[in-house]
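Remarks on the structure that follows.
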Amino acid sequence: MTVTTLNSLAAALGLELRGSNIAASTPIQGMAVLAAAGPAHISFYHNPRYHADLRKTHAAAVILRAEDAAQCPVACLISPNPYLAYAKASQLFDRRPIEAATIHAAAHIDASAQVGVGVAIAANVVIGAGAIIGAGTIIGANCVIGPDCRVGTDCRLYPNVSLYHGVVMGDRCIVHSSVVLGSDGFGFARDGGRHHKIAQLGSLVIGNDVEIGAGTSIDRGALADTVIEDGVKIDNQVQIAHNVRIGSNTVICGCSAIAGSSSIGKNCTIAGAVGVVNHVNICDHVTITAMSLVNHDITEPGIYSSGTGIDVTGNWRRSIVRFRQLDDMWRRLLRLEKHQNKSPG
Amino acid sequence: MTVTTLNSLAAALGLELRGSNIAASTPIQGMAVLAAAGPAHISFYHNPRYHADLRKTHAAAVILRAEDAAQCPVACLISPNPYLAYAKASQLFDRRPIEAATIHAAAHIDASAQVGVGVAIAANVVIGAGAIIGAGTIIGANCVIGPDCRVGTDCRLYPNVSLYHGVVMGDRCIVHSSVVLGSDGFGFARDGGRHHKIAQLGSLVIGNDVEIGAGTSIDRGALADTVIEDGVKIDNQVQIAHNVRIGSNTVICGCSAIAGSSSIGKNCTIAGAVGVVNHVNICDHVTITAMSLVNHDITEPGIYSSGTGIDVTGNWRRSIVRFRQLDDMWRRLLRLEKHQNKSPG
Amino acid sequence: MTVTTLNSLAAALGLELRGSNIAASTPIQGMAVLAAAGPAHISFYHNPRYHADLRKTHAAAVILRAEDAAQCPVACLISPNPYLAYAKASQLFDRRPIEAATIHAAAHIDASAQVGVGVAIAANVVIGAGAIIGAGTIIGANCVIGPDCRVGTDCRLYPNVSLYHGVVMGDRCIVHSSVVLGSDGFGFARDGGRHHKIAQLGSLVIGNDVEIGAGTSIDRGALADTVIEDGVKIDNQVQIAHNVRIGSNTVICGCSAIAGSSSIGKNCTIAGAVGVVNHVNICDHVTITAMSLVNHDITEPGIYSSGTGIDVTGNWRRSIVRFRQLDDMWRRLLRLEKHQNKSPG
């Protein structure tokens, strides 16, 4: 982080610095929310919910829209999209340690693997035969990259990631710890009670600019490949089964599970702990709310939900008894209506 | 994969090759679904849903039942159970790299551990005191096998698996990356607000032919052992708590959670993201559909479900308001019926 | 375990040994539930559900309340809180191998890291620059501790745990295998369809006496820190997102997911597979039952639930059809009531 003053920060972000009392040479140490920010912090305002915080903020400057500048008691950094400007500013303040582009002596790299220029490989990394690691990629300690994998350029794998053989990953991907990529899909043929394993002959192909959260697993395909398209963002502890396709720029939040051979369109938002059963197709531009079960195709863009919402347990117990009687209730209601129609009332 | 022609493939699978235009010496490179298969692929047909694909397939040959052979435009491989024959054929085409039966110089194996013949141990594996690894087992890079574990013969542990002390595993088991076996059960005794840890004195005993998916965790027992019987297949990110017993040949799909001291019978199918609360018994031959909550014993074989199914969020919001009023609706319905019975209609 | 007789066990636990036929010098080998206990086992009785088992037990002695002693056919160890006494006794029988307080030659510890006295560091552990490891802490094989982390005293990290940079952990914490601490929160700013990553500038701060189960992930904060207060117990495969705060002594069971910026009070119990959506506040002393979705603030202590409970699938299918018609049912019910009030009945 070379930006150290309000002036240089504005320049780095390409934002207009505006206000009556600008201390352009104020040293800036970090970012904070409006209510917590002090005179060495930058903040941002994009949601009217925080209007009262804006009016009282002690930040050095606030990133906000031009039309909100008059409400701001401190210096303003004007942006048509303050949340996006915040995202860009946040990168400038990231104190994440820089990894030196060196290969640790205790890494085990097969002689047939190809490692690009400027690659950082930490201790205890194991890279299999025929694997290709693109230039500028960082591989954290104790990662295992299987034979014949192809990892693109400028990727970052955090510690303890496992890639099975033949996984393909594009450029600028971020993979968090304990992720497993290309594990076997869950496929068996029954023979009486016994289950015969179906070898998973496909692989896993991940596009560019994909982020995969801690503890997520994505299986390889049974015959063809499991595919994660460009720009997909996947949160922690997500499970993606074999043969799934996730369309570009779709976001999948934590703990969701996508069962085998389902496909999700582009620009979808799958909230947390959602389940999608197997062989389901979801079209583009669909939002699924938290903990919903998608048990059939969705062919129209829109927002979809399932579940009952939370209630006090005592009342909930009565509701679930009645839930099981719903079809009976329905029939009795119809009978009453029929009777009413015949009645003189 | 030594099978390279249609003829030799039929021989290897013990299937009859039938059809009018068989090119028995056709080189076969792999398998594909009917719609994607080309002249160097084998395919299979077992589900009428794909009948149109069968009629148009370009596969070299299709595994199918004798009664479907007339519908097939290419060579047929006749099987009474085409899906099972597909499973067996898939094994012949698996290009998974073979692990050499060697012990990597950077593995750390306690001097008191016993390692069988033909075992492959990859880099950075750590094996504790008194552990026993059966003949022919493959242990992937960065696995940690705790003291006194017993791993059977011909098992395969993929990279980054952790076994706590004293875990017992049978023969021919497959354990995928990031799996944790024998971790402490979640047990505490309250003392006012504080929680005193209960030492987990039991272990985890896994039978033969068990497969455990990526990121799954299975806790050791509190006093007795957690038990996974022979032939159980567990998908990714499943959580199995202490003292649980899973009956033989039961299948548990991704992200399901089985709470403490519950037992699941034999030959059950637990779909994805199912929850089973603690101290519940499920009998043999039960199927639970996706994302259901099993909150009481199940004593009859059959199919069980919970949840509401997905809906457009606007309509869903109205439904969940009424869900909380269900008991009130019920009472008002009864009142109307009572009134009607008294009325002259 | 130096306790080997009933007498010495009673002394170690500070419990009164009572009964008519006490063999005080009986060698005690372990603990078991009442029904399984033999003459070399201690057992405990605290739940009337097991009264029949108590009457028939063959244990050497049973930990129970004074008022239950008359029902016990064997020696009694009198405690006002038998379950708590069981927890303490269980620690005496834990056969978990002791880790020697040594640093393995194959550990990679940055020269600038500080390691306290009596620390055990296993093979392939990687500890980054500036990290501090407190006295008496045990770090299992293949753990990765990022730069600038601070781990307290007498903690235990099991194998394959990953800590990102700057994570702070108190004393006496237990962290199970495949846990990920301090991974990036899931934050993006949209720019049309594209998602710009928001750098996660906060960290993760964990108090004293916290236990974190296998495969759990806890993200670092976006601007401020994610906070886990003292005495929190978290089970396996839990996901805790950025900016979350978990109050002291709260218990979170397996597979639950707490979304970003939510807070949970003190002394709460979150059962398994619960979902809490983002920006929700839950007050102290709240219990959420298994697989509930918390989709709004909870401001009153109590027990809360959602979902429908399990049913035979055939009946369930009818119920979910009617669930989608609930608002229509409600309106028709109101219409019937209105009609009835006008009718002469």
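Observations on the model:
Should a chain be cited, it is by its letter among A, B and C, assigned in written order, with residues numbered from 1 in that chain.
The criterion applied here is as follows: a contact is a pair of C-beta atoms (placed from the backbone, for glycine too) under 8 Å apart; a residue touches a chain by one contact, two chains touch by 3 or more.
In this text the structure is predicted, and so the values were computed from the model without any measurement.
Rotation relating chain A to chain B, from a C-alpha superposition: 120°, rounded in steps of 5.
Comparing the residue numbers each copy contributes, chain A and chain C share less than half of them at their mutual interface. Centre-to-centre, using mean CA coordinates, chain A is 25 Å away from chain C.
Residues of chain C in contact with two or more other chains: 106, 124, 142, 160, 178, 215, 237, 255, 273, 307-309, 311, 323, 326, 329, 333, 336, 340, 343-345.
Listed in rising order, the residues of chain A touching chain B in the complex are 106, 108, 124, 126, 128-129, 142, 144, 146-148, 160, 162, 164-166, 178-180, 183-184, 186-191, 193-201, 215, 217, 219, 222-224, 237, 239, 241, 255, 257, 259, 273, 275, 277, 287-289, 292-296, 298, 302-309, 311, 315, 318-319, 321-323, 325-326, 329, 332-333, 336, 339-340, 342-345. Here chain B touches chain A in the complex through residues 30-33, 36, 81, 83-84, 86-88, 90-91, 93-97, 104, 106, 122-124, 140-142, 158-160, 174, 176-178, 211, 213-215, 231, 233, 235-237, 248-249, 251, 253-255, 266-267, 271-273, 290-291, 307-314, 316-317, 320, 323-324, 326-327, 329-330, 333, 336-337, 340, 343-345, going by the rule given at the top.
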